[in-house]
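In what follows, chain A forms one complex with chain B and a second complex with chain C.
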Partner chain A sequence: MALLATLLALRKDARILKIPPYLSAFCIIVGVVWLLILPLNEYSRNTYVSENALLPGQVHTYFTGSEHNVFRAYRQEVAALAGSSVDQRSKRLSEIFQSNNLKVATQKYSYQASGRNISNENVYAVLQGPRADATEAVVMMAAWRNMAGDINHSGVALVLSLARYFKRWSLWSKDVIFLIPGDSTTGSQAWVDAYHDSHSPDTIEPLSIKSGALQGAVAVDYPAGPWGHRYDKLHIMYDGVNGQLPNLDLFNTAVSIASGQMGIGCTLQRMWKHDDSYQERLQTMLRGMISQGLGHATGPHSSFIPYHVDAITLQTVGDGWHDEMSLGRTVESLFRSLNNLLEHLHQSFFFYLLLQANRFVSIGTYLPSAMLIAMNFSITSIALWVLSGRSITTPPNPASTSNKDKQEKEKADVTVVKKDSAVAIVPTKSLETVERRLSLPLTFVAISHFLGLLPLYLFNNTHESYLDPIFYAILGLTGILPFATAAILQSFRRPTPQESNLIQCFSLLLLGMFLSALATLNFSLSFLVGILTTPLTFIRGTKNKIFAIIGSVILAILNPVVVIRAAVFFFGMDLRQVLVQAAEGWHVWGLWTQVVVWLVWWPAWFAGSVVVSGGLFS
Partner chain B sequence: MDQQKALLFGAAAAVRLFLFTAFPSLPSLLAGRVEVSTPVTSFKRLQEGLFLYVHNVSPYDGGVYHQAPLLLPLFSLLPNPSHYPFATNLLYTAVDLLGAHALMLVADSGQSITTRLSKSSRKDLRWNSAAVAASFLFNPFTLAACIARSTSALTNLFVLLALAKASQGASITFILSLSIASYLSMHPLLLFPPLLILCYDVRASKSKVAPSPLSFTIVHAVALVVTLCGLLYVSALLMGSWEFLSATYGVRLLLPDLTPNVGLWWYFFTEMFDSFREFFLGVFWLHVVSYMPGLTIRLRKQPLYVATTLTGIFAVFTPYPSIADAALYLSLVPLFRHLFPLMRYSFLASAVVLYASFLGPTFYHLWIYAGSGNANFFYAITLVWSLGFSIIIGDSLYAVLRDELDVERPELRGKEVARI
Partner chain C sequence: MLPFLVLLLFNALLAYATDYEERLLLRPLPRSALLASFQFRSNESSTSFEQQNFRYFPRSLGQILQHAHTKELHLRFSVGRWDAESWGQRQWNGAREGGTGVELWAWIEADDEEQAFSRWLTLTNTLSGLFCASLNFIDATKTIRPVMTFSPEGDHPNPSKLHLLHGTLPHEVVCTENLTPFLKLLPCKGKAGVSSLLDGHKLFDASWQTMSIDVRPVCEENGDCSLEMEQSVDMVLDIDRSKRPRDNPIPRPLPIEDIECDTSKYYNGHDTCFPLDKQADPAWTLTEVFGRPLRGACPLTDTEGPNSHTVCINTPPERTVNANTTGQYEEHRYASDTMRCYKLPTGSDIDLELPEQQMTTGLVLGTPPLYAARAINGHGQERGSVQAVIRNPSTSTAVDFVYLEALPWFMKPYLHTLRAQVTGSSENPIKETYYRPAVDRRRGTHIELKLTIPAGATLTITYDFDKAILRYTEYPPDANRGFDVAPAVIRVLNPQSSDRRGAYLRTTSLLLPLPTPDFSMPYNVIILTSTVMALGFGNIFNLLVRRFVGADEVPSIGGGLIGILKAKVQRIRGRFSR
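Coming up: the complex of A and B.
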C-alpha cells in the first residue's frame, strides 16, 4: 500500500515527464540490439524435428535405376510442349497422368490486376492412397513456369515420373495430389482457393475432383532443359503470403532428408555461400525479415500457407554433381515422411527466424524486440497525454525577489503537500489538470487515417501504364500535404500547443497499438515499420524555426513514399514492376502490406509531419 | 435543435445504409464474428429459426436458435434477407435511430445530473442531447452491431426506451419497454429496481404529493409481472408449447453453448469439471446479480447512474456479452459528462479498450484461421477487454462518490481523499 501511495505521489512530480523520451530511446536501442544479438549461439538454437511421426530419412528410397529412363522420356515430352498453346499443353499433360491410371482434372482461371489479364490453366491428378479413406491429402507440384518465368522442364518431368512411380506403391495412407499450375503464384492461388471453395466463380473454374484436407504441399523448381543440369544445392523457400510461415517441422524434415540422407546441401534466402559466420547469419535473418515483411508470394507454395497448409518449395541452384534422381529421392523420402503423419503438423514452431538451414530463433526470443519498438510509441503517447493536461504557464517563483514577482507573490496560490514527515509548498497550478480539448485532435487523426484510403485505392485499381505517373504524383502530393495542412490549420484554426500534443498523442497511441497487434501476425513488417517511424517519438511541435526545419527535413526523408522509392532503387528493382506486383498481390493473393503502409504508417507520418511543420508557420 | 437532430439522424441513417449497400458482404462477415454475434443474438441463427418457423417446424428443434419466439413473426413479415436485404437493413437502421431518440430524451430529462434528492456541484458541465446521441450513433461498436444485424440491437433499443420513459415518469411505457427488453434478453430485468426508483423520483418531483412508495412499487412490480407473463403466454400460444423457455432462458442461464465471446464465462466453463458446473453457474450468476442491490442502495439518490453502471456490468459479467452490450454502456456514459473531470483513468481505460478491440480479432485469427495460436490467446484479450470496462465502471463509481462528497462537504472540494 505504501509503495502504491509513493507511486501515486510520483504522478505529480514534474520530473517524471522528463523520463519518457529517454525510456523510449532505451526501448528502441534495446529492441535493435536485441535483434542484432539473435544470430549468436547463445540466443539461437539448432533445429530439431519435434513431430516423432515424421521419422525423416528413415526409409529406403527406390526412385532410381530404370525410373531415370522414364524421367528422361518425360523431360523430352515436356520439352516438346514448350512452344504449344495452353490447351494443347493441358491435354498432353492430362494424357500422361491418365496413362498412369490417375484421375485427372483441369482448372481454367483468369484474374484482372492493373488492367492486365492473367489467365492460364492448372492440371492436376489425384492418386487415391491404397490405405487412405480420402480424408487427407498431400500435394506435390511443379509450376509450368517458375518465379523467374523459365519453363520448369525437369520439375514438371519429375512430378510426372514420381506420379507414375508413386502409383505402383501400396503404402500411401494419404491421397497424393500432383499439381501442375500454369504459373508459379496465381495458378496455385486459384487452385488452392477453389479447393477450399473460396474462389470467385465468375473467373475461376471450380475443381471437378477433390480429395481430403490438405496436410502439406511441396513444390519442385528445377528449370533444367531437356538435356538436364547437375546442381549444387537445394534452395528451400518457405515464406507464405503476408509473412505467414509453414510449420518448422516441414522445413526441418526437408533439410534433414536432403542433407542427412542424400548429402545435398541446403540453403535459404538466396544465401548461396554461407560459412556460418555472424555476418552471414545476420544477413540471412535480415533477408528473411525483409521477405516476410513485404509479404509477397515467393513461390508456388506461398498460396497454401494462409489456408493453414504447410508448404515449401525446393529449388535447385548452382553447378554441382547432384542429379535429378537425387532430387526425386529427396521428394520421395519427404512424401514418405508426410505419409506417416497422424495429425496436422502442429508440434513445432509457426513463428521463427531462420539463420541457416539448421539454426533458428523462436518467437519467444525475438518477439520482445518488435514489442519494445511498438511500446516506445505507447510510452511517448502516455507521456504526451499527461503533458497535455499540465498547465502551460509556468507559475511565478514564490521565492523570487524581483519586484514584479513580488506583487504576484501574494496572489500565487499554494498548496501544502504533506508526505510522512516531509512538508512541501507547491504552487497549486502545477497540481491541477487542465481540461483537454479533444475534438480537433480526434477529428484530425481520424481524417488522416481515412486519407490513406485514397492512395490505397488508386494503386490497386489503376492501369499498369499510369502507375508510374500516379506514384510520382502521390510522392509530390504527400511531400507538400503536411506543409499545406499546417499552413491552413495555422491560418484558420491555430492549434494550441496542447492540441498539437494531443494530435501526436493519439497518432502515436494508434501506431503503437497497430504495431503491437501486427507484431503477432507479421513480426518483420511490424519491426520494419516501427524502425522507420521511430523519429516520430522524438519530434515535437516547437516554435523554434531551426528545430522545425530539421524535423521537417528528417520526416520528409522518411515519407513512406520516399522510402519505397529509395528501397526500390537500392534493391535495383523496376518501380512499375513492384507496383504491378503489389496490385496483383492485392487482387490475387490477398496481400495486406499495402493496408499497413497506407493506413498505419502513412497516417502516423502525416500527423507527425503536420505537427512539426506547424512550427514553420507560427 | 430540430434541424441539428434531423441532420444527425440523417447522417447516421446514411452511414448505415451506405455500409449496407456499398459492402454487401459486410453484414454476413460481421454476423459471423464471435465478438459481435453470440449464440443468443446472432442474425444467422435467427435466419435458421425463421426458416424452420415458416416451414412449420419448431424453431427450437436442432438446438441452433435460442432467441425469443416473438421475433419470428416479426421477421417473417420482412422479405427474405438473403435475397432482399433492404427491408431488414432499414429496420435495423430505424432501431438504432429510435434508440438514439430515446437516449436524447434521457439526456434532455437531466436526470443524470440533477435528481430529486441530489444535485451535482458540476451541473453546468454537460453535453447537449445531440452530442450524446451522436456518440451512440457513430460509435463503431454500435455500427458493427447494427451492420451485423444482431438482435441485441433490439434489446438495446428497449433498454434505452425504458430508461427514457422512466426518466419522464411515464409508468406504462416504462413497464412495457422494460418487460420487452427482459423478454428478449432476460438480464435487463435487473434494471427494474433502479429504474423504478428513477420513475418514482420523477413522479414525486412532478406532482405536489409524492405517491406512496409501497403502493407505487407493488403496482409497478405487478404490472411488470403481468406484462412479462402476457408476452410469455403469447409466445407459448404461438409455439404451441412451453419448450421455448428452456431453449431461450434456459440457454442464457445454464450456458450449454460454449461458443467463444468477449465475456468471461465460456473459457471458464470449457475448463470446468462437470461436477462443479452447477455450483459455479450459481456463483457466477450470484456475482452478476449482487451488484444490483448494492449499487441501488448505496446510490439510491442517483438511480440513472445505477442503471447505467448495471448495463456496464452486463457487458462484462453476463454469460453471452457482445460488443453491442459494450456499445450500450458506452453510449450512456456521456450522460455523465460532469463526472469526467473526476475520473482518473480515462486515458488508461480507453487505451486498454482500444488495444483490446484490435488485438481481439488478431488473436482470434491466430487461433482459428492461422492455427498458430490457441484459445488462451483470445481469452487473454477478452480478459483485457473486461479489465478495460471494469476500470471505466470502477473509475466512474469513484467519480460519482467523489461528486457526492463535494456536495455534502463543499470544504473538501479539490482536496485529496484517502480511503481509511
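Coming up: the complex of A and C.
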C-alpha cells in the first residue's frame, strides 16, 4: 500500500517527465546493439534439420550416365528456341514433355503495370505419382529467363531431362509438377495464383490441369549456354514476397544435400566469399534484412511463399568444377527428400535471419530489437500526452535551495488539500488542469495519413516514362510541404505548444503501434523504418530558431523520398527501374512495402517536420 | 464404336451363368500402358446358401452376409486415378471401381433405420477383420444413405425392407494385406487360372488399380434364385516400369548404346543424344509384366465353350501375339479379330508374348461420357471453396447425371453458395437437390444433385466451406498431413447404360488442411509443467511435514543406543505435552 502511494506520488513529480527521452534513447541503443551482437556465436545457432522425415542426402542418386547425353541434347533444343516466339517456344517445350509421357498444359498471362504490358506464357507438365492420390504435389521449375534477364538454358534443360528421368521411377508419393514460367517473377505468380484460383480471369488463363495441395517448390537458375559452364557454388535464394520466408527445413535440406552429399558449397545473399567472420556474418544478415525489408520477389520461388508453399531457388555462381549433373543430382536428392514428407513442412522456423549457410538466429532472439525500437515511440508518445495535460510553467521545486527570495514571494500561492484526516499543502499550479484541444491534432494526423495515399496512387498508376518526373516532383513537393504547412498554420497562430505536442503524440503513437505489429510480420522492414524515424522521438516544437533549423535539416535529410533516392544512388541502381519494379510488385505480387512507406513512414515524418519547422515561423 | 462392341461382347461372354468362371482382359493403352482386367464370378443357389452349403461362394464372406442380413454388397479398394484423357472410357463403365481408398455400400434388410445401422456396423466390423482394412472406422460420421446415386443390381423379393448405406475411407492405403484375403476368396486361390498372375508387388506398382467385390441375388424368370459374387481386379500397368526385374528395380540410366538417338539433329554426337520417341508398341510378355507365369487354367472353370476362353487380348488384328506353352491351348478370335481369346492349358504354364512392333492402325479408345475434376481453391486455415469441373465431350447428346458429395462434418459447406454453371448458358443445370446437413461429431454433410449438361458444354459446381476447429483428441495419432475428403461420385443416368450396373465415375479425393496445433508443443508444456509441479510440490511438502530447527536449538543428545532411546522418549513426551 505504501509502495502504491509512493508510486502515485511519483506520478505527480515533475522529474518523472524528464525520464522518457532517456528511456527512448536507451531503447534505441539497446535495440541496435542487440542486432549487432546477433552474429556472435552466443546468440546464433547452427542450423539443423528438424523434420525427421526429410532424411536429406540419405538416398543414392542415379542421374548420371546417358542422362548427361540427353541433357546436352535438351540444352541444344533450348538454345535453338532462344530467338523464337512465345508460341513456338511453348509448343516445342510441350512436345518434349509430351514425348516423355507427361500431361502438359500451357497458361497465358498478361499484366499491366506502369503502362507496360507484361505478357508471356507458362508451360507446365504434371507427373502423376504412381503412389500418389492426387492430393499433394511438389513443383520443380526453371524460369525461361532468370532474374538478370538471361535465358536459363541449362536450368530449363535440366528440368526437361529430370522430368524424363523422374517419370521412370515408381516411388513418387506426390505428383511432381514441372513448371517453365515465361519469366522469373510474373510467370510463377500467374501460375500459383491460378493454381489457387485467386487470379483475375480476364488477363490470366486458368489452369487446365491441376493436382493436389502444393507441398514445396524448387527453382533452378543455371543460365549456362549450350556449351555449358562449370560453376563453383550454389547460391540459395529464399526471400519471399513481403519478406515472408520458407520453412527453414527446406533451406537446411538443400544446404545439407548440396554441401554434405554433393560437396557443393552453398552461399546466400550474394556473399560470394564468406569466411565466417563476425563482419561477414553481420553483412550477410544485413543484406538479408534489406532484401526482406524491401519485400520484393527475388526469384521464381518468391511468389509461392505467400501461399504457404515453401520454396527456394538454387542459382549457380562462380567458376569451379561442378557440372550440370551434380546440380541435377542435388535436385534429385532434394525431391526424394520432399517425397518423403508425411506432413506439410511445419517443424522448423518460419522466422529467422541467416548468417551463413548453416547458422541462423531465430525469432525469439532477434525480435526484441525491433520491438524496442517500436517501443521508444510509444514511450515518447505517452510522455507527450502527459505533458500536454500540464500547464506550461512547472512550479519550482520547494526543496530547491536556489532562488530562495523568489520562492519567498510566491509562498502564498499554495492550496490546502484535506482528505479524511490528512492535510497537505500543495502549490496551486500543480493542481491546475489544462484542457487538451484535440480537434486540430487529430485532424492533422488523419489528413497527413490520407495524404500518403496520393503518392501511393501516383507511383502505382503512372506510365513508365513519367515515373522519373513524378518522383522528382514529389521529392520537391514533400520537401516544401512541411514548411508551407507550418507557415500557413503559424499565420493562424497555430499550433499552440500543446497542440504541437499532441500532433507528435498521436503521430508517434500510431508509428509505434504500426511498427510493433509489423515487426511480427516483417521484422526487417519494421526495424529499418524504425531506425530511420528515430529522430522523430527527440525533436520538439521549439521557439529557438537554431534548434528549429537543425531539426528541419535533419528531417529534410530523412525525408522518405530523399532516403529512397539516396538508397538508389548508394546501391547503384536505376531510379526508374526501381520505381517500375515497385509498381510491378504492387500490381503483380501484391507487395505492401509501399503501403508502409507512404501510409506509416511518410505521415509520421510529415507530422514531425511540420512541428519542427513551426519554430521557424513563430 | 469398336471398343463398345468389344465390351458388349466381353460382357456377353460372361453372361453365361455357370457356377464359376473367370476371365482376364488385356488391352494395351497409349503411352506404353496396359490395362489388365481380371474378373471372377461364382454362383450359389439361394437354397444352398441359406443352408450354409457353400461350394464356390466363400464361406467366410457368406456367413458375414447372413449374420449382417446383407442382401447386396459392394466393396471397393482403389489406388491411383484413371487417366480418362489418355485411357478413354473406363472399364465396366466405371461400375466396378471405387474412389481412392476403400468404399463400401450395401443393401441391408432391417425393420427400421436404427436396426439397419446396427447391422451395418456389424457388417463393417466383420469385413474389417476379413479384409485387413480399417473398415471399422466407417462410423456414423462417415455413413450416408444415398437416395439417387445407387440402385440395386440384384433382384430383391421385398425391396421395401432394404436400407442402402454407404461409407468411404479415402485415406485408407490399399496394399498387399488387402490382396491376400481377396485372393483367398477365390476357389483357385491364386494357385491356378488367371488369378495366378496377381502379385502384390506388380499390382500395387500399377498406375491405377481397383479391386472390387460385388454380391447380389439373381433370379431367373422361373423363380430360381441364386447369389452371385463378382470379384474383379482392374489395373493399368506401366509396361516399362512393370518389366523391371524385382531384384533390380532401380531405373538406372540406360547405357548410351541402348538409347535410340535422333541422328538427324545437327548436334548429335558421342556426348549429345536427343532420345527418340518410340513409336513402336513395346514388347512385353505376361511373365515380365506380372512378375510370375500364368499357371494354366483353373480346373473349376468350364473346359468347353466360350467360358473356357479365359484370357483375352484386345489389340488391332495386325499385332503379333505368340503363346508359349508346353500344354494344349486354343486361340479364338472375336469382334473382327480385335479380340483374341485363349483357352488355357491345364497343369502347365502359358505365357503370351508380344514383340516390339511398329503398328499402322491404332486401337480406338471409347470416349467417356463425362470428364470430371475437383479441387479445393483458396488458401488459409479458415475457409476455402470446392470447385468441380465436369465436361461433356459428346457433340450431340446431353448427359443427365447425379453428383454425390459426402463431406466430413468438420468441412462445413454453405449451401447458399452452391452454384452450378454451364458454359454458354444461363439456365440452372440443377434439376433436383438432396441435402442433409452435418451435425457436429455425429454425421457428415450429404449432398446429391441431379444435373443436366448439354452437349459439348462444361459444368462448374462451386461452393464455399468453413473449416471447423477440432478438439486435440480428434486428430488422428499419426503424422497429420491434413484430412482426406472422399471422392465425389458421379452416376450417369442418361444415356442409359446397357446393363443394371450403371455408369459411374469418381473424382480424386481432396486434401483438407485444418488448423493443426503443433502437437509437440503441448508435450513440451506437459513435461515442463510436470517438472515445475514436482519441484514445487516437493518444496511445499517438505515445508508442511518437516519441522525446521536451528542446529543449535536441537538439544544435544549423545550417540549410541541410549541416545536413540532418549530421543524417542523426548519425542513421546513432546507429543503428550502438546
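The rule is simple: the second predicted complex is superposed on the first by the 580 of 618 C-alpha atoms of A that agree within 3 Å, B and C clash if a C-alpha of one lies under 4 Å from a C-alpha of the other, contacts with A are read in each partner's own complex, and residues count from 1 in each chain.
To be clear about the criterion, a residue touches a chain if its C-beta (ideal position, glycine included) is under 8 Å from a C-beta of that chain, and two chains touch if they have at least 3 such contacts.
Fair warning: this is a prediction, and the values are worked out from it, not measured in the lab.
In the superposition on chain A, A:Phe547 makes contact with neither chain B nor chain C.
More chain A residues lie in contact with C than with the other chain of the pair chain B and chain C. In the superposition on chain A, A:Arg168 makes contact with chain C only, not with chain B. In the superposition on chain A, A:Phe350 makes contact with chain B only, while chain C stays out of contact range. Residue contacts after overlaying the shared chain place A:Glu77 against chain C, while chain B stays out of touching range. With both structures placed on the common chain, the touch criterion links A:Phe617 to neither chain B nor chain C.
After overlaying the two complexes on the shared chain, residue contacts for A:Phe26 are found with neither chain B nor chain C.
Residue contacts after overlaying the shared chain place A:His308 against chain B and chain C alike. In the superposition on chain A, A:Ile382 makes contact with chain B only, not with chain C.
The contact surfaces that chain B and chain C form on chain A in the two complexes overlap at residues 308, 344, 346. Chain A makes touch with chain C in their complex at residues 53, 62-70, 72-74, 76-77, 99, 101, 103, 128, 130, 132-136, 164-165, 168-170, 196-198, 210, 212-213, 226, 307-308, 341-344, 346. Here chain C touches chain A in the complex through residues 31-32, 79-81, 83, 85-86, 100-101, 170, 205-207, 238, 240-241, 249-256, 258-259, 261-262, 265, 267-268, 271-275, 277, 373, 375-379, 385, 387, 478-482, 484, 508-511, 513, 516, 518, going by the rule given at the top. Listed in rising order, the residues of chain A touching chain B in the complex are 244, 306, 308, 344, 346, 350-351, 378, 381-382, 385, 433, 435, 509-510, 513-514, 516-517, 520-521.
On the side of chain B, the complex with chain A involves touching residues 341, 347, 351, 354-355, 358-359, 362-363, 365-366, 369-373.
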